[in-house]
């Protein structure tokens, strides 16, 4: 039954540098450059050394952003991760103070994150009727609740604890040249996470699920297993985030990680990942994360009111999702006028 | 004779970004007639309906209602002018009650307060007049498709519409449900209302309409008296060319049994279902909607978990726990709902075709895009998909071509042994239907086992070697090609002593 | 075409946002400057005046002294900052006041990192957590920045000196004495604290508990519960109401936190409860509730002057930077109009104590409620 | 008509099962600490959760359209701070006018949300997340690090004093209005219609954009009102007030059976959901559970309620299937 009409279907992908530059990622790179120019312009102290030195606390969040990107591509959401960072950080500190060697404490930290993620994944895949927003709203309160109870029962009370043995953390906080170790870790984790999402069958499955869960299931994709993996992965990365956050704070308290979930979602959305699923990629989110980090550092060095920075980020977020919608409507109108 | 025209449209043109959906079309509707509107998918029928009902505003043209020119600014205007539409997909509110669905937009309001009691009573009256078997307070989401359709008709009646438009109302209905609908429509006509009826089914048209208007490629082709036009001429008008031999079923010597299902049971859906397929055989599976056909097949393919039952492929028992197990064994399902289950509409055609096999093409987990593109192109050309590039989104294709992409997706799975096609021609036009039948015939010739689920009697009679009929979750009989008639199928589909109303629970 | 439009629009919009942000925020940073002078001045006037003076100077290269408060939007911090600013500007120095976006150590870390980048000469920190700032403050010290703390201390080895509003035991004694006085020497009383991790709250509570054990004078007093209101009005209200319901014989609530005491005062006064309240509170917040009669819930309470605390930290910063003091016990310096201070060694850490807590009662509250 | 089993009745009526949960909760807490059931205490549950009760009504409307609004407490803070400062700087002291101004601020904030979500087709969570940062930041900026304290709002706070009827009257009126509007008016039913099937709503002539904008505006109005009430009840205005409490409001709706996918939910359910949230936070200190257990228990209850609901529905479906004759 070879093509009776002899119709030929093109299979040549469109690749032009111009179209790549004009894509969302292209725009983000322009903005990143612009932000850095702005930084240099408004602050005499905005240089490579200072920016890299101020970065680690923000870098920790970027680990989590990769995982959140996966979850958003799936069309899900997870608002429990900020609290999970708190929980993972807390058990790490408490176990270390109880005498666990640093290596074990690291394992405990990552395991706590992983287990938290697995709990989310378990509930989300066993009770598919529940929107993930609700599930993770519940676990958000629970994770922080567990941390609070731990502080009271195993810690010294007072909702805060600091590592007494900081040798291991100091090692992680070291720098190679001007670059903190966490910077390399973020780049490596980013390279892996970006490649997996963009180039592998696993990544393609995520997009399939995010675009049409039912069709993906009918096409033989193990939808629930993949969702479970992604939640666990995000949990693990939250553990990693907690670990690297510890290299900056050397302790944990009940407010640790507060608001992180919204910040990483904002990074993803600003980077072009749609909360409705199936759209966007981590490269955009990665650039967007650095835009926000650089912007915060630049404005911070200018001693701009921290709340004003939040207002700016809020505006950027809305503008970044509104512009495509508006320009889409505009071009549609234009086309209509032409025909 | 001065015609008593209730509705007339002249030179209507409607443009969407980039496409002319309607190009100077005309239409006349007499008072008290049932007028069929036919044409292939994409001919512009649905757009035309939306112009009449005020959902879309036409760029050019005039519309006359009872001789007076009207301009509708929105659906509300059309409603008030006495035009009501029942759309292709029931446009109901699943979480709301039947009463609310019926009266949405024209509630019975006294000084700002909705009068639920009187509305419920009125709804009950409407439902009674339609012989409906559900209550006004039932939630619509819990009703069957046929029942939902009835709600839609009740909704049209509640506005006391003079003109009622039915857009493919029988597409989701079984034969006897359709029959009930015919009666209702005839009664509406006898009450003096005018009906515009869109359908792909010729039986609908012959049964009901007195005149038929044909659209093709956004243009008006002509209006004919149903009694005065032959089937072939009508098809020619719709397709633009002649179609001969609708069902290209060849006689093939059947091979050995390739596939067998034994004692499939899933509580509440189907019970003890068994059937078998030989190599090169097309097996039909039919019955009323709700009889458990799709549900059985979904359990066979691992989509849902059956309570018990065995599946044998080439004599060996398979353990199927999830869709992937069935696909790996070579049992390929073309699901009923192309748009929701078969395709990812926002994706390019190529990616859709290679979705199930991307893992096999991949190197160490990395996608081999080049190999994927080549394979997709090959398969899409093989089924003669009308597309420009493999990168265009599946949503840009017509229903028939979307179905071809689904077929190409199945063909891409090289280990395919058994193909299960669930309603493969649902909602696609005559030309594309024939092409699907041809593909089916060729697959049979190549020795695949084919299972075809269908509610359309002509095609199942035309294509199948054997037909299994299901009724209320059980196989009620198996008919050979030689002994099959419409009556026999109907008889087996109906439960003895029951009126055959789906499986509402 | 469409994508080009997107990038263009987005870039423009972003640039506009940033410009707008910078324009408005330059004024914001500087706003505290003018505020210290004129408390009642309209905020609009502050901005314009301050923008001219403080903003350009922030990076002028001279000696810059920084203060990191607990968080933005807190009047106690605001008064403290105004005192700090006043003291330093009187000596011709430049001031940077940083209010973190939230009352968390994380937010303080970002702010301190930024100050290190700016190369300020000293940083005075009001710590949100005793230990979480260890790393960043060590980094600041290594960069040659003098680090000191005020109001809430951090780990002693990460800073030179702590400007303490009052000694822990002093506050413990004062509050305990107040409880003794209000209960009449015997009966049930409870504590309403802020968050369970607030270091100075916990230290004061511990001091009070110790005092009760060691001094037989307090033997008949019965501390029934320490409740935590998390410095949230709603939760503090819930907790106060629960205390009243659970302990019908309760005589006194002691709330050593400004948010908690105001919430508790309102509950008691609204309910016309006979339970009396004391603790640490801002006069401006508490003016409504202070009085000797039954219509008022709080007969008297204590606090130190946050403006003076800020001033002390300001003078200490200057003394540290110009080398007058090093932070060692026994160092002496003059803190402007506040007088002479000596660094003392208390509980193994170096501290400067502002003075005893100040008592606010009906006789002086009207005078102070407009000050802070 | 066949009689429904108790289980069936419960699974079909979310409100009925919530009432049972409530009664159990009340009995357990009441046995441990009888003073919990006192009139004062129950009155205080309403007073202390006035804001949650009030905003839950708006969240009900928003969630009925399959949306969400996480900017509400920021709107609340912005509106509350604004009217607090008006009093602090002695610009305005008229209680009624202050309410009007707070409500207007809320309406403007909500309207912006609505217009961007309806016309710009921006996902509600993203749009409101943006405004969550913006309004909270604005509250800080206008506060200029000051609070409006008890002294500043002296006369005004009498309105929300413990024992004053104001907040209860507002709650009762709001609940009556919403109960009537949601069930018996066209506007209310339109909200349900839009959430149930947006496309169908469009076709049947409902102005979807206007309904969406309206819903978010109502939410904003209630958040603004809550801001004013908050200042009145707690006699102070701080820029960080009610931080993070939007999750309580959402949780109240979810417990009350409002579906996040739209079209399902009732005023009565919302009321019960908010009541359960209120009782939990009020009861824990009274049954001598240490404070630090509160979050853990709250989280577990939220998850338990929603999961229990899924499980009962599954069992009912299963039973229905078993009953089906074959």
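Going in written order, the chains are labelled A, B, C and D, and every chain counts its residues from 1.
One rule holds in what follows: a contact is a pair of C-beta atoms (placed from the backbone, for glycine too) under 8 Å apart; a residue touches a chain by one contact, two chains touch by 3 or more.
Source: prediction; values computed, not measured.
Chemist: Count the smallest number of chain-to-chain hops linking chain B with chain C, moving only between touching chains.
Modeler: Step count on the best path from chain B to chain C: 2.
Chemist: In terms of C-beta pairs in contact, which of A-D and A-C ranks higher?
Modeler: Taking the two pairs in turn, the one with more contacts turns out to be A-C.
Chemist: Quick check: how many Å separate the C-alpha centres of chain A and chain D?
Modeler: Each chain reduced to its C-alpha mean, chain A and chain D end up 29 Å apart.
Chemist: So, what's the distance in Å between the C-alpha centres of chain C and chain A?
Modeler: Roughly 34 Å separates the two chain centres.
Chemist: Can you check how far apart chain A and chain B are, centre to centre, with Cα atoms defining each centre and the answer in Å?
Modeler: 43
Chemist: Find the geometric centre of each of chain C and chain D from their Cα atoms only, then give the gap between the two centres in Å, rounded to an integer.
Modeler: Going by mean C-alpha positions, chain C sits 33 Å from chain D.
Chemist: Return the residues of chain A touching two or more other chains; collapse runs of consecutive numbers into ranges.
Modeler: 151-152, 159, 258, 305, 307-308, 310-311, 315, 326
Chemist: Pull out every residue in chain B that's touching 2 or more other chains.
Modeler: Residues of chain B touching two or more partner chains: there are none.
Chemist: Specify, in ascending order, the residues of chain D that touch 2 or more different other chains.
Modeler: 140-141, 239, 292 - these are the residues of chain D that touch more than one other chain.
Chemist: In graph terms, with chains as vertices and touches as edges, which category applies: line, ring, star, complete, or other?
Modeler: other
Chemist: If you go through all the chains, which pairs of them touch?
Modeler: The list of touching pairs comes to A-B, A-C, A-D, B-D, C-D.
Chemist: Can you check the complex and tell me which residues of chain D touch chain B?
Modeler: Residue list for chain D touching chain B: 180, 183-186, 189, 192-193, 195-197, 199-206, 259, 262-264, 318, 320-326.
Chemist: With touch defined as at the start, can you tell me which chain D residues reach chain A in the complex?
Modeler: 68, 116, 120-123, 125-127, 129-134, 136-138, 140-141, 239, 244, 247, 250-251, 254, 260-261, 290, 292-300, 302-303, 306-307, 310, 313
Chemist: State the interface residues of chain C toward chain D in the complex, per the touch definition above.
Modeler: Residue positions touching the partner: 24, 28, 31-32, 35, 42-43, 46, 71-75, 77-78, 81, 99, 102-103, 196, 227-228, 233-235, 237-239, 241-243, 245-246, 262-263, 265-267, 270-271, 282, 284-289, 369.
Chemist: What does chain C use to touch chain A in their complex?
Modeler: Listed in rising order, the residues of chain C that touch chain A are 1-7, 9-11, 13-15, 17-18, 21-22, 24-26, 28-29, 58-59, 72-73, 96, 98-107, 109-111, 113-114, 116-119, 129-136, 139, 155, 195-199, 202.
Chemist: Could you pull out which chain D residues touch chain C in their complex?
Modeler: Listed in rising order, the residues are 33, 35-36, 38, 40-41, 44, 48, 51, 89, 139-147, 149-151, 154, 157, 161-163, 234-236, 238-242, 245, 281-282, 285-286, 288, 291-292.
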